[in-house]
Structure formats: structure tokens, C-alpha cells
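Every chain is named by a letter (A, B, C and D) in the order it is written, and numbering of its residues begins at 1.
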Amino acid sequence: MFNTIGIISKPLDPVSKGTAVELRQFLETQGIGVIDDNALIAEQADLIIVVGGDGSILNTARTFVDNNIPILGINLGRLGFLADVSVGQMFDLLSKVLTGEYTKEERSLLSCQVEQDGQLIYQSVALNDVVVNRQDALKMIEFNVYINDKFVNNQRADGLIMTTPTGSTAYALSSGGPIMHPGVNAIGLVSICPHTMSHRPLLVPGDSEIVVRIKDSSEGVSVHIDGQTSFPVAPGQVVRVRQHSSFIHLLHPQDYDYFEIIRSKLHWGSQLS
Amino acid sequence: MFNTIGIISKPLDPVSKGTAVELRQFLETQGIGVIDDNALIAEQADLIIVVGGDGSILNTARTFVDNNIPILGINLGRLGFLADVSVGQMFDLLSKVLTGEYTKEERSLLSCQVEQDGQLIYQSVALNDVVVNRQDALKMIEFNVYINDKFVNNQRADGLIMTTPTGSTAYALSSGGPIMHPGVNAIGLVSICPHTMSHRPLLVPGDSEIVVRIKDSSEGVSVHIDGQTSFPVAPGQVVRVRQHSSFIHLLHPQDYDYFEIIRSKLHWGSQLS
Amino acid sequence: MFNTIGIISKPLDPVSKGTAVELRQFLETQGIGVIDDNALIAEQADLIIVVGGDGSILNTARTFVDNNIPILGINLGRLGFLADVSVGQMFDLLSKVLTGEYTKEERSLLSCQVEQDGQLIYQSVALNDVVVNRQDALKMIEFNVYINDKFVNNQRADGLIMTTPTGSTAYALSSGGPIMHPGVNAIGLVSICPHTMSHRPLLVPGDSEIVVRIKDSSEGVSVHIDGQTSFPVAPGQVVRVRQHSSFIHLLHPQDYDYFEIIRSKLHWGSQLS
Amino acid sequence: MFNTIGIISKPLDPVSKGTAVELRQFLETQGIGVIDDNALIAEQADLIIVVGGDGSILNTARTFVDNNIPILGINLGRLGFLADVSVGQMFDLLSKVLTGEYTKEERSLLSCQVEQDGQLIYQSVALNDVVVNRQDALKMIEFNVYINDKFVNNQRADGLIMTTPTGSTAYALSSGGPIMHPGVNAIGLVSICPHTMSHRPLLVPGDSEIVVRIKDSSEGVSVHIDGQTSFPVAPGQVVRVRQHSSFIHLLHPQDYDYFEIIRSKLHWGSQLS
């Protein structure tokens, strides 16, 4: 089933490196080819195992987004929203995955472009979110939002989060957004500290094109991709966001239960007693 | 295009009745058959014009949900989310609609069943929302929520709103839910005054089946359909909600703009100045 | 220090009754008079011990609000916001309290009057909150709010909570209100499912007089006192709320820490991980 | 009544300068001395008139906080929360103010200190708010909060706002805080995008001392005063906030109505229709 598996570990983290070594031995013993070079993985791997946390999966997903290789995440301590196999269960669960016992789940991504006078000057892909944000903590920014070329509203805020369902439990949640099940085909728009009381998170269909036009008065704006990389956006430039053309696929243990992870991560059930 | 048009007006409202009479004359002058009997409308009408507000459209949509007749709403005063043609523009816009100049929009509905020991004891359809709510204002209710047979959480709250995108700007908005564009294929779950701080609105895919199981301790619970009709739900009974198998179609003027209505109704742009 | 102690237990709860009996023996052994008749307590007790939960303390506080007798709460299971001595620690902590080792804390209450044409028709006192609420779960209510005779706003909502700092962690919290430290001299106004997006909880000084005037269109409104008793309010009637003239005093163990209880009850520290 | 009046205008704003010149003429005609030098104002003025917006009043309040001179604000366009006299009404209302027809209102301020190993390294005063905030838009910060030396909680967030009632309608409102009437003697703590779902705004008594201790892992933190000036805070340093020892006094027209300004600024009454 899986003949060649790419392993991605965190180069500076001894636990991640050590786990990756154990993993390689385990897989090679079973006659599976193991590679850890990104270029080779992109060409040859039919599964990528990420040894890290959700952050490592975000990074890996962006890197291999167009290579159509499923990803399985091993967390090194606490349960992740994405990396849901613990080191302790690793060999057990992998043995099952290798025989085809797994759940495969599709996750949408966002494609982000920054444009100046119609010219593309930056593009990236996000698994969690694209955030248009101020760099200068003293000033809010001002921008117009358009959906499919229709004007939505003018906003003054600390920023705007455009989120996938995957990202709905990340920064968007801290900013007051709803939880979107990964199966929902939608993009969420969640404003950060909006300078109005009539703000609400907005959900638009997955095939929508969102344009954020930065007002001339707003200096020091950046676009952030999954909270991991950023790019400066000048006044008058445009950030264009739509669902990316390909999806990534996460492999989970067969008894994977989205709501169980949500309950565990978000401490649901913690009622006022 | 439209040979037979049903007109629905509010029987006790003279303005609605008067407008309906004018409308009938206008249509008949153009050689269009006009009917106002519900049974006939269900059989013969190829368009329903509702002379009332959003409430009248909710009611009409539920009545004719399975007859596949498009609905156009004329509001008698203020702009509605659904009834977006004003009396003043009525003849102008209808003339255009009759020649095919309109926008047709699909809206999903919710099917709601109440069950006792697996027996169906009540069913209805909602265009806005199905609300499981307490009748006794002194006591909160307790229930378990399941999505597609998976346990989601146990809640103690004043109630739970299950909303379509259409209903997301109604009661769900008052309870802190997000705005869902009608094109989003999803169902929203918004708790009313949840007795926990870790609550968030939850969006699930449109093909999800939601089950709310009332705890034995919770007396005096009702299920409310579009805020217009209700049915008592006893402890141990189950409320089952899924997207209805057919959609309704709203006709709008050709320049219909969802976000313009949202801005107008929700006073977007009212920034802190 | 305390010569005569009143014990309040829950008449229908065997655990509460049994604990009350043990408590009586313990106190009488130490030469302290114990009484359990309300009329006698009001006259003679210099301490009231409540064996129950927060609900029992609310009830007791309202009953003896003008008798200036401190109250100590013993909870029968889970920690209460108000009843913070567990049965397990009961004798230990009481021994200390009897020798003067305790923290005495003042809590404000709300006085509530319902008036018809200037005539008083109902009055009560609340330790948590006064809630003006609809009885009919299908209809929202409409009312005007005035502070010190100044018009504040017109609201359409499911209801309005007027809360003491004590009540800020009760129903007001479920409705989106802030946490108010008991030392804050203020009254909180928190709307329930307000039919507007520009709503926010409002804090006014403790010496404010709040008037809620029910609109003529709003039938089936009630005023609820601590979620324990209620009184119907007719359209045109007025609910007048101000801080009650006397306070109640809670006795706590000497190491009482408000924020520790808040952390424990509200599960603070439960971060997204 | 007022013999010497200081006028503060915005040096780079011709409208503000022009209005200040008119104002000076108007006052001098009435035999009132007018000064515009800060040092002189601090010594001699018995009233300060600010020609600008709320921002100019914040700045003026901080500058003269300990000089006990009342402040009156003239706004140059839109109504301010603080600058509530319009240019159009200016001469009319000032004529009345000069004869003693005005409302005097006390507003509390916050004193902010940054300390390193017990050494004071920065201090300032804020009329609106003290904000502990990240400078780096990619990382959230971590800190512990203490009230009167009691641990409150550990937070991971974009920042923390400590607000006066005056500031409750500014940045704190955008972050989800309640509206605090200026007469409430309290300090509000409102977290910015907290990485937890169990967060709520917290109100503590006005005489509380709040300490925010920045965790060692949090680089690039700043403290912001009224959104106008900032100071970097290193890991391990402490931000100490308490009510400032003196208040400022705002003069308003005699018919000043706090709730009228709130309604106007926050668009209250904008109900979902």
C-alpha cells in the first residue's frame, strides 16, 4: 500500500529527531522505503509522516500541497488538532495504517495572492488561515472587503482572519469565530478587534473569492500565512483569497472522532458547576 | 413564463389585503391567472407572491415546501431579509420579473422530527430555524447533542438553535451566531445562554443529521419552528434535525445583492466614530 | 463570639438534614446555642450556617437580608461560589471560625419593585439578579430602560438581567456578561438574546436606580428573583431596581481567595493547547 | 469664574488652529486671559479648552493630570465621547459655561509602572487604557495576572487591556469588553484574542493593584498608553497598574447626557428590523 514514506521531523528538536530515527527503523524493517529529503518526498513518497505538532503539519501541508500525498501526524506530547497519533501509540497505529486500517480526511486550503496594480507580487497557500494584520501595535488598519466582486463592508480593525474549517479552531477561535467542521465547504471571515459593535463572523461558500483592499491611510500592514510566514502589504495593494485548487489528505486512526478531539482540546464539558 | 400566480396576503391586515387586490388587477390585466386558495396554489401556481414580511414568507415556504413553486416577497414597509421588493417598486419590478428579468436563489430548509422510543410523534419543516427551548423561564434544560450518531457534547442552557443560513440572521444572530451566506451548505448550532464559558457556535455540513436528546431531568421543553409554531418535547424524547430534501426558490430583482441587504438590515458600516 | 447559631438545611434532602444534625451536636458540645426556626433565627442568631449549595444561600440571604446576621455556607458536594466550606473540612474550619479566624465579606443585593400607575404591587430582594423575562418562548419582549430617570435605550430581546457582582458569575455570565469582583460597587445590565448587534453589557454605579418599562405590546412578561421566585409583569407596568439598603455578610475561611474559586468554578487555565 | 483659560489646539491642523484663534478672540473680548503655553497653562489656567477630538483630550489629560484644571473639549466635526461641544455651538455653550452653567464630571485615570527587579524603569498615566501588547504580529504573548498580590490567571493572548470606565468605549469595546459608566469605580481587564474559550472581561474595584508579569518566553512586548505612546517590556519585567491618585474633571454643557452620547456614538437603537 505505502511503498515509500517520507518522514518530516523538526531538525532542532532532539525528541523529534530521535522519534524519526525509531520510525525509520520500524518502517524499513517492514520493507518500506523511507526518505527525508523534500525534493525526493515530493517525487516519490506515497505517504508523509510528520513527527512534530500541528505547526509542523501546517508547514508540511503548504510544502507538499500540490503533490497529492497523504499526511499523518505524530505529536510529541499533547494531542494536536491535526497531529493526533501519540508517540506511545505510534507503532501500534502505524501497523494498522500500513494494512489499510485508517480514515482519510480531506482538508481545504486557501490560496492567497497579493497584487499591486493587477500585478501578482506574492502568493502562498494556507491550511489554517490568511491573516491581514497590522504590524504597528498602536494603529488599527482600514480596508474594504469584497466577495465575488461585490462590496461587503468597510472595516477598521486590528485585522481580518480568513480561515478554513481547519483554522477555525486556531486564531479565528481566539477572535470570536465559530467552530467549522472540516466537512463544511466554506471560508470564514473573522475580524480582529473590529472598531464597530455590529461586527459578526461571516461564512461564505467555499468557491467564493475574497478581496481585501487596504486603504491608503493604512501603513504597516502584513499578510500572515498560518501564523508562520508573512509578507508586507502596502496601501492600495490587494489581498485576494480563494480556496486552493487541491486539497490535502490527513490520515487518522480508524476510530478517529473529530468531536472527541474538539472536546479534549477545547475542554468541552467544563460546565459552570 | 408565469401563467398562474398565487397571491398570499395577511387576512387580518388591510394594507396587505389592499395591496393584494391591486396586485391581482395588475396581473390579470396582463392576462395572468391569479389564485389565492392554498390548495389551488399548490396544484397550479408557477409563482407565489407573498404580500407581507419575512414572517409571511417563512409561513408560505413551509406550506409549499414540496410543491417546487418559486416565491417572491413584497414587504409592506421595511425591507425584509426575504421580502425585498417594496410596494413602491412593486409594479416596476414585477413587470421585469414577468419578462424573465430576475435572480433565482435556492434556500435550504430543515426537517425536524420528534421521536419517542423510535416512534415519530411530530414533524415539521423550517426555513429559519428549529429551536429546542425551555418553556419555564426559571429553569435551564439539559440535553445531549449528536452529529451523525457521534456524541458532540452535553449542554445545560436555555436552549439550542439549529439554523439554516437563512435563519443565521434571525434568532441565531441574537444568540451570538455567525452570519452564513445562503450559498453555504451547512447547518449552524447555536446555544442559548449556555451554562459554560467554553461554548461556541458550531457549523456542520449540510448533509449532517443532528440529534438532540432531552435529559430526564428537563421538564417543559418545546421545539419551535421558525418561531411560529411549537410542539412540547418530553424528557427522554429525541429531536432529529436534517436538511430537508427539497429547497425553496426565492425570486429577487435582477440587481439583488445579499450583502447590500445585510448592510442595510444589520446597519453595517456603523463604526464607532 | 457566636453564642447562638441558626442552622438552615434543605428539608427534603437527607444529606443536608444529616449534616445539620452533626453540626448541631458539634456546636452544642462547645456550648453554643443552636436554633433552626426562621423567626427565632431572625431575632436571636448571631451567625447562620447554611447546609446546602449556592441556591440555599441565595434563599437564606433574601430571608434574613435585614437582620444583619452573617452567613456561612457548607456545600454538600461541589464547591460553590458562595458555599465554599466542604463537609470534609467543616469541623476544622468551623473550630477556627468560632475563635474568630475568618474573613468577612460584604455583598450587595438588589431591591426590586413592580409598579402599576405609581402603585407598588410587588417587591423583593435579590442576591444574584433580577431578570425581566418573557414567559412565552415564542415571542421576544420590548421595553425601555432608564437609569436615574435618563432614557438609556429601547430593547427588543428575550429579557434583561440586572445583576449584582455576586450574580455576575450566574445567569449573567451565560448571557455574555463580565465577571465583577464582589468589591465592585456597581450593577450590571446584561440583555438576553438582544435583537440588535450593537448590544453590550452595561455597568452602572451601585447607587443607580434602574427602571424597566414594559411596552404595551409585550404580554407574558415576568420578573424573576435569583431564578427562584417570579412575579408577572403586565404591559405598561414598571420594574424598578436599585441596590438594597443593607448588605449581607458572608463568612469564609481565613485563606479565602475569590480568584481561586473563580479559577476552579470557571475552569480558568483551560487553555487551547 | 474662569479668569485664565488655556487653549490647546493641534499644531498641524489648520481648522483646529483657526478655531483656536476665533476662540481666543471670543474669550479676550470678555476680558478673559488666554494662554497656550503648556508650562503657563499648568501654572495659571483655571480651565483648559481643547480644540480637537478625543485623542487631543487624552493627550491633554495626561499632560495636566496633576494640575487639577478642568478640561472642556471642542470637537471639529464628529461628536466625541469626550469632546462633546461642536464648533457650531461653541460660542453659545461657552457663554453659558463662563457664567457657571455647566456639568462637571470626574474621570479616573490609571497609573502605569514598568519595573525590572523591583526598579522603576518607566511610568505613565492613562485616561483610557494601559495595553500590554505584542509587537510581533506572528506571536502571541504569555503573562501572569495578579490582583492585590493574589494570582488571577495565566494567559496566552495577543495582549491585555486594563481600562478605566472612560476607556471602556475605546479599544476595550473592540475587544469585547462591557460599557462602564464613568461613575463606576472600577478597573476593567479585557484580554485581546485570548487563547482560551473560558475568558471573560473582569471588573475589579478601583482601588485594586494589577500586576502583569511577562513570561520569559515572550519577546517583543510593549505597554501602550491610551494608544498614543508605548514602551517596550522585556520578559521577566512587571507592569503595575492602579488608579491614579488624582482625577481629571471634564466640563460639559449643562444638558450633558452620557447615555445620549453613547446612543449616538454606538448607534444604539439600530435594531435588527
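Definition applied: a contact is a pair of C-beta atoms (placed from the backbone, for glycine too) under 8 Å apart; a residue touches a chain by one contact, two chains touch by 3 or more.
Worth saying up front: this structure is predicted, and the values here are computed from it rather than measured.
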**Request:** Identify, among A-B, B-D or A-C, the interface equivalent of C-D, where equivalent means over half of the contact pairs coincide by residue number.
**Result:** A-B
**Prompt:** A-B or B-C: which has the larger count of contacting C-beta pairs?
**Reply:** A-B
**chain B and chain D, separation of their C-alpha mean positions in angstrom** = 45
**Message:** As a quick test, compute the distance in whole Å between the mean CA positions of chain B and chain C.
**Reply:** 39
**Complete:** Per the C-alpha means, the centres of chain A and chain B lie apart by a whole-Å value of 34
**Numbers and ranges of chain C residues touching at least 2 other chains** = 173-174, 195, 197-198, 200, 266-267, 270, 272
**Item:** In the complex with chain C, residue positions of chain B that touch it
**Value:** 133-135, 137-138, 157-159, 171, 173-176, 192-195, 197-198, 222, 224, 227-228, 230, 266-267, 270
**Message:** So in the complex, the part of chain D that touches chain C is made up of which residues?
**Reply:** 147, 150-154, 156, 165, 168, 173, 177-181, 183-186, 188, 195-198, 200-205, 208, 257-259, 263, 266-272
**Message:** Taking the touch rule as given, give the residues of chain D at its contact with chain B in the complex, in rising order.
**Reply:** 78-79, 169, 173-174, 197-200, 265-267, 270, 272-273
